[in-house]
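Some notes on the structure that comes next.
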């Protein structure tokens, strides 16, 4: 509806890649964020303006100015959740409530920002045997499922299984099964304030999942879906006015 | 995402207008469908191609060919629900399940097609004293609420009140209050198969509600939201295939 | 909250068992309904009064009097859905809307009553290779999941897979995975009018699933959950009165 | 299902009552908690064991031992949310996730524990003109609505209006309208971990709302609904085990 590109920011903890994790580096030599950002640029073209930020930067690359200039934030973290500054988490939280979209990826389920948005432990069942994951669509009409095969086949991946301790999703789009028999609600959405939240589990540092074209398609669909329409609407201005007859 | 216009069809029972209902004719001399169609043309411009059909036409103007050429159907009926042919209802039902969007309006809550889609009585509390209705937004991030004032003020309208015997909505976007004190879930959505359903209650034949710019805005938003993405996706082709490993 | 037992009626199409299906008879020599009824008697004890009815009886054993005396109906059908009289379906539908609980089992997904309550095709993916099904709990706080292992292991069963064309469930309690890799929303709930609906997929005529103690536990939990509190509440009396100030 | 009484704890900030607020004292001379506790004792009889606790007590009366002995906690706070110790909030939060039910009342929408559970600002529209509130039931089958009139009439109350910045409720049971025309989702539920959450807005310190028999009935229904079945189930023990085949 608007001609201006979606301002996307891909955030990565960037720990494995900068600490000599050979397996991670074999798939993501310049960091997971770089692969995701390139994928989004390729998928979204002129519809998006994609940047990146990492934990190691000043204020983790998430200064107020950067956050104010972001329509959709993607969050990848795993081993250093605790190093994310609470003030930055507050800032991101406020931005989501004010309308910024957020895609929380894979092990980001344990990030401070996700637990803050959910209000639960976000714990899950886990096993890493590099087994086959199938990602099935259970909401075929949802825009995030657009042109996504049924199922997406990921030859090797880490297992995330139920029970996943999250609030009941507003929308459950994808369910994953694993060769070992487990199931996982792998693509779920929420609204928090004026912001849309999409959690999507496929994407481990030790597997080339973010090179998978179907996974890239889901992320691009997610960015479109989470982008605020025509600038962020201010809850305060429109919704907290005095009595209707005085408006 | 697609350049082709949304093919919209506004269906009207057109009974009051063709049977000398003076009050209805004072607001809708050429029929409710004409006012709605003009409003959608005005709101959606080149993004939509808007046609109309009425009960009195051959197959109620809903031949298989017409339905096949429709992306979003709007349904207004009140006094002659029973005269709608069951075969036409079957056809519309199948089209919704296959991806056609449908907006069911006001007294259409008692239409055959809506009761078929809902599986409930769709009964409600009712009073017609021409009282003030306020339409409040409770899902401000929803695209159907885009640029809609909070509340919409309708100076005079028929009262529809709870309990409204519908399934729990997937999304509740609008809640209406009436001067007499009642409340109504006046804007709710569902998915049925691949089709999106939006029920919106404001719009009686005896009040100029469809001339109200905010109501027109909601209908236009609803059409955009219900339109299938880039042609209808076929459930049979994509989702009912044999085992995933044979696909 | 009430001391009177839940009046349960187990309905079975009873076709396979009365038409020489050896495999079905090996598991259910006196009919699936008999095994389910005995299981409920065993699980619920004095809390329930369990009867059975079959397609072959007068009015399928579902006369108005019988339906009026039923708190929770369990529905098993497969090969003879079309032989169920529409008038009986109307009667059961009305009873559900008025507060009777209903548990729709396995291939009952294609029954007239379930399609009527859902408004969709209720189609699904299917394969019968007698493979392992795991039933995972994703709503551990739900009373239907009480004391149910995670997962329930069914050694051999028919595969039902997504996409399952039902409305978005109000509650998704169980997700099943199959050895072949598919997933299925195998335990889901809805409210229709004043009636509660629980669909539960495990339970094929060719496998001894209804002899499985965990499956029996789920059915018993479902009956408790679906039973109307202290007699059926009448929507008409309480909810369709004139304006609140006249009540 | 169990014979042991529900262990209920009514928590009150108890600020207005201990700081000379004449209007509050006229309705609640011994504190809001006392009136609520007596009401629950009266409504629930031997089914509940009701105690109280207040902000002023050691650890706000919410020591680990007390919390461990609580099945359902009711939370009333207004003017001193910030004085609730974060460590106590952590403790209550963990207890809810582990299965303790919680009823958050009225101005408790801004309490630390509720904002923690919701992940949003929980802000709302507000006006205090002592106007009529009507509480309508939109989920008549829900146990919290059992034997509750439609509507509950509260002659004078504070107005809480939409937009109420909470996550989309799992269940919306009550909608309130106010003489001034506003609407509010006044009775909503959530699950967080294994704990059930019920927010119910009627209940201001300056109005005798907690003396209202219908409001007392709702609270009693809420306690029954939120009480964990037969002791708290441990997520860790049942749901975070290793692979299913090792269980």
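As written, the chains take the letters A, B, C and D, and residue 1 is the first residue of each chain.
Here, contacts are C-beta pairs under 8 Å (C-beta built on N, C-alpha and C of every residue); 3 or more make two chains touch, one makes a residue touch a chain.
Owing to the predicted nature of the structure, the values given are computational and were not obtained by experimental measurement.
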Hey, what chains does chain A share as contacts with chain D? B, C
For the copies chain C and chain D, give the interface type as same if over half of its residue numbers appear on both sides, and as different if under half do. same
Does A-B or A-C have the larger number of C-beta pairs in contact? A-C
So, comparing C-alpha centroids, which chain is the farthest one from chain D? B
Distance between the CA centroids of chain A and chain B (whole Å) is 34
Taking each chain's centre as the mean of its CA atoms, chain A sits from chain C at a distance in Å of 38
Identify all positions of chain C at which a residue touches two or more other chains, and write them in rising order. 134, 137, 139-140, 150-151, 162-163, 168, 181-182, 191, 193, 235, 239, 241, 244
For a test of understanding, state which residues of chain D touch chain A in their complex under the given definition. 97, 116-121, 123-125, 127, 159, 162-163, 165, 167-168, 170, 180-182, 190-193, 235, 239-245
As the complex stands, chain D meets chain B at residues 132, 134, 136-140, 150-151, 161-164, 168, 171-172, 175-177, 179, 181-183, 185
List of chain A residues in touch with chain B within their complex: 99, 134, 137, 139-141, 143, 146, 150-151, 153, 191, 193-196, 228-230, 233, 235, 238-239, 244
